[in-house]
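Order of writing sets the chain letters: A, B and C. Residues in each chain are counted from 1.
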Amino acid sequence: MEKYLSYSQEVLEAKEKGLPIVALESTIISHGMPYPQNVQTAREVEQIIRDNGAVPATIAIIDGKIKIGLTDEELEMFGNADNVAKTSRRDLGYLLATKKLGATTVAATMIAAELAGIELFVTGGIGGVHRGAQNTMDISADLEELSQTNVAVVCAGAKSILDIGLTLEYLETKGVPVVGFGTDMLPAFYTRESEFSVNIRLDSAKEVADMMRAKWDLGLQGGSVIANPIPKEEAMDASFVNGIIETALVEAEENGIKGKDVTPFLLGKVKELTEGKSLEANIALVKNNARVGAAIAVELNQNK
Amino acid sequence: MEKYLSYSQEVLEAKEKGLPIVALESTIISHGMPYPQNVQTAREVEQIIRDNGAVPATIAIIDGKIKIGLTDEELEMFGNADNVAKTSRRDLGYLLATKKLGATTVAATMIAAELAGIELFVTGGIGGVHRGAQNTMDISADLEELSQTNVAVVCAGAKSILDIGLTLEYLETKGVPVVGFGTDMLPAFYTRESEFSVNIRLDSAKEVADMMRAKWDLGLQGGSVIANPIPKEEAMDASFVNGIIETALVEAEENGIKGKDVTPFLLGKVKELTEGKSLEANIALVKNNARVGAAIAVELNQNK
Amino acid sequence: MEKYLSYSQEVLEAKEKGLPIVALESTIISHGMPYPQNVQTAREVEQIIRDNGAVPATIAIIDGKIKIGLTDEELEMFGNADNVAKTSRRDLGYLLATKKLGATTVAATMIAAELAGIELFVTGGIGGVHRGAQNTMDISADLEELSQTNVAVVCAGAKSILDIGLTLEYLETKGVPVVGFGTDMLPAFYTRESEFSVNIRLDSAKEVADMMRAKWDLGLQGGSVIANPIPKEEAMDASFVNGIIETALVEAEENGIKGKDVTPFLLGKVKELTEGKSLEANIALVKNNARVGAAIAVELNQNK
């Protein structure tokens, strides 16, 4: 296994010194934003983690290795490449064996983080049960990963293009804790609120770390969703976002857009109809998650 | 892990002497019956297990510990408390870290039993796939637990408020044996029969223990459902119970009761319309399960 | 565990010498073909594996043992017996404890192969998500097995009596790689093509073996689907097969055939309406899979 992992100097030193480490995914770099904004944002997010007492480890598949922490050159190359495959659990063996470039999704980043001994991972939003999944069975592999891989995932909830209610049901069946960080309500990515309650509300990084430690000490496999609402200043109005999604869903139906094509279509519509504010919001919430995630990583490092 | 487990004197001695032990859940105490009937029933069920050659271990979460066996004082306190959280897999870490009171469901009791080295667990009925789950995805975490945690669960089948057919399909997909104890038909909690066949019929405790031992010796993770029909004298008529449920489902729909609110509504209606006979039946079937469970635990202790 | 495994002389020697081994299932013998054609085909398939540099291990449950490799006498007896139970994960413990005859499905053969240290398994087609499973939840245990048991499964795709699209969604959620062997399109058993793309295309046995080794070296549990199209000469026309299935589905509905009875009905109709050509095709594709499977087993033996 070790032969597939390649650590950056910064992460290697952090591991040797026993410092808290925060994993970051790379799909947001390759598929979430245009170059060079993606690289710049990645660096800013990493710096926020450093400023909050932890060490960032951006994860990507490069040249037959799972990179745990990217150098400046690697990040630049990766952010500018156009042949990067979105990598979930099922793709990891293939991409490593063929030495192709891979951007890790939530599922693959969790796997890599666990392999590297990293207990906390910061992302924007998790995948979930797609709208209409009662018929399409389109359910993100992220949810299965949360039930089996020992990494806490700080996010801003599940995107409202998903079916949030069904996502919560799936996580309940699978025994995954869904924590509202300072909130009783599950946030929905662009919005601070949704109509759904979280399973558990916790108000401090220490409480989150203590819950995770108890879970893992018991030997209960899997992670948890730590749902951290987008900052107020950047949050969108729920009725505005939901209106866009409802409209886009009708449009998708009218145009015969189905299955896997629906999600990128919805995301595109949200971007278009928010006049680019969705990207700003996305960046703001990831940075906010980086702050909270670093704090939790510090606590997880102390209660080991 | 051991730091979270706290054994009663009786269970500790049983473990030291290598006696057969039967796990019991505590949701039935906190959420299933009023005080003091709940405490009295719990004691009677424990005594039945002793009378049948095994040692009872009622499981609950108290003060940051998973109690394996409750003292009289603990049982009294627990049965009388009104701030007890229903505890499934996802809740265990949180309740232990925050030292809150937790009543273990089937899923959490299975986890605790396995951690404590107990192979057999007696309950009333397991959770399952809820009616309408094709749309709501409301599926009990008990089913996932049965597929991964090594504890045999003696119950009186799945409640007919659930969708029994879908519950059986789910268990089949997950590779969980469903055994009819002395019956070819899956019992449905209040009734001895249903329209569904079991996967395997076994007629003695030894046969059940031998099947489980072979499964576990092979390294096949998970438990099994040992479905033991309610005693004839206490059984209700299937058409009577199903009539109540059908009526209650219509009423729920008319009153806009949805999702998680449906199950307690149905259970309430069953109780109301059976004029309390459902509680009597519930007690009778648990006691009957305790007898069968103790016998299986004795056999499991011998074929180890 | 070892006490339940019984190796044939041929397989035992192969293990001692470190030769590549290919697992074969026995449901095709007991339930897939009439005697003596079933026994003859089984022997021919085994010989193809030998001719391609590997050792065949046909797997069946006999007299309380999992047989890894059948002697001529065992194969003859097994192929001629009429009391053979189809054995999936849930049935293994029961059949071993009661010493009944069991024919291993894809799921059970994967389990047995893993227990015996065999990494490659050749079959005809895997189980999947049944048509209408959105309502019936009828989903083969084979899919769960593929997500947890470390065996690569060479098959000719999923039968078009299944819902192939939903089967692919389920496998994606579960993180199972679906490889097209020399094809971008998932083959559908009797046909070389379907409307569905595979996740990964690989064109040589070595590439498949390298992907699997990387996956397993990472510690990623589970197998993969290696979908190998039926040879051109034997392939049926997709519109012909799909037409038969559509007609049969209507007929099933009209006759009130439901749930578990639909699949055997559809298979029967396919056989009837192809005037026995489906059996010929079935034999041809299994032999073709044996060739490819042996080649992959040879490569897996070299990259260990």
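We adopt the following convention: a residue touches a chain if its C-beta (ideal position, glycine included) is under 8 Å from a C-beta of that chain, and two chains touch if they have at least 3 such contacts.
Quick caveat, the model's predicted, so the values are computed rather than measured.
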- Message: Please tell me whether the contact surfaces of subunit B and subunit C are same or different in residue numbering, using the over-half criterion.
- Response: different
- Query: What angle, rounded to the nearest 5°, describes the rotation that places the Cα atoms of subunit A on subunit B?
  - Reply: 120
- Between subunit B and subunit C, tell me the centre distance in angstrom, where each centre is the average of that chain's C-alpha atoms. 36
- Query: Which positions in subunit C touch two or more other chains at once?
  - Reply: 134
- Note on the structure: Listed in rising order, subunit A residues that touch subunit B in their complex are 129, 134, 147, 165-166, 169-178, 199-200, 207, 210-220
- Item | subunit C contact footprint on subunit A (complex, rising order) | 1, 3-4, 88-94, 96-98, 107, 111, 115, 134-141, 143-145, 259
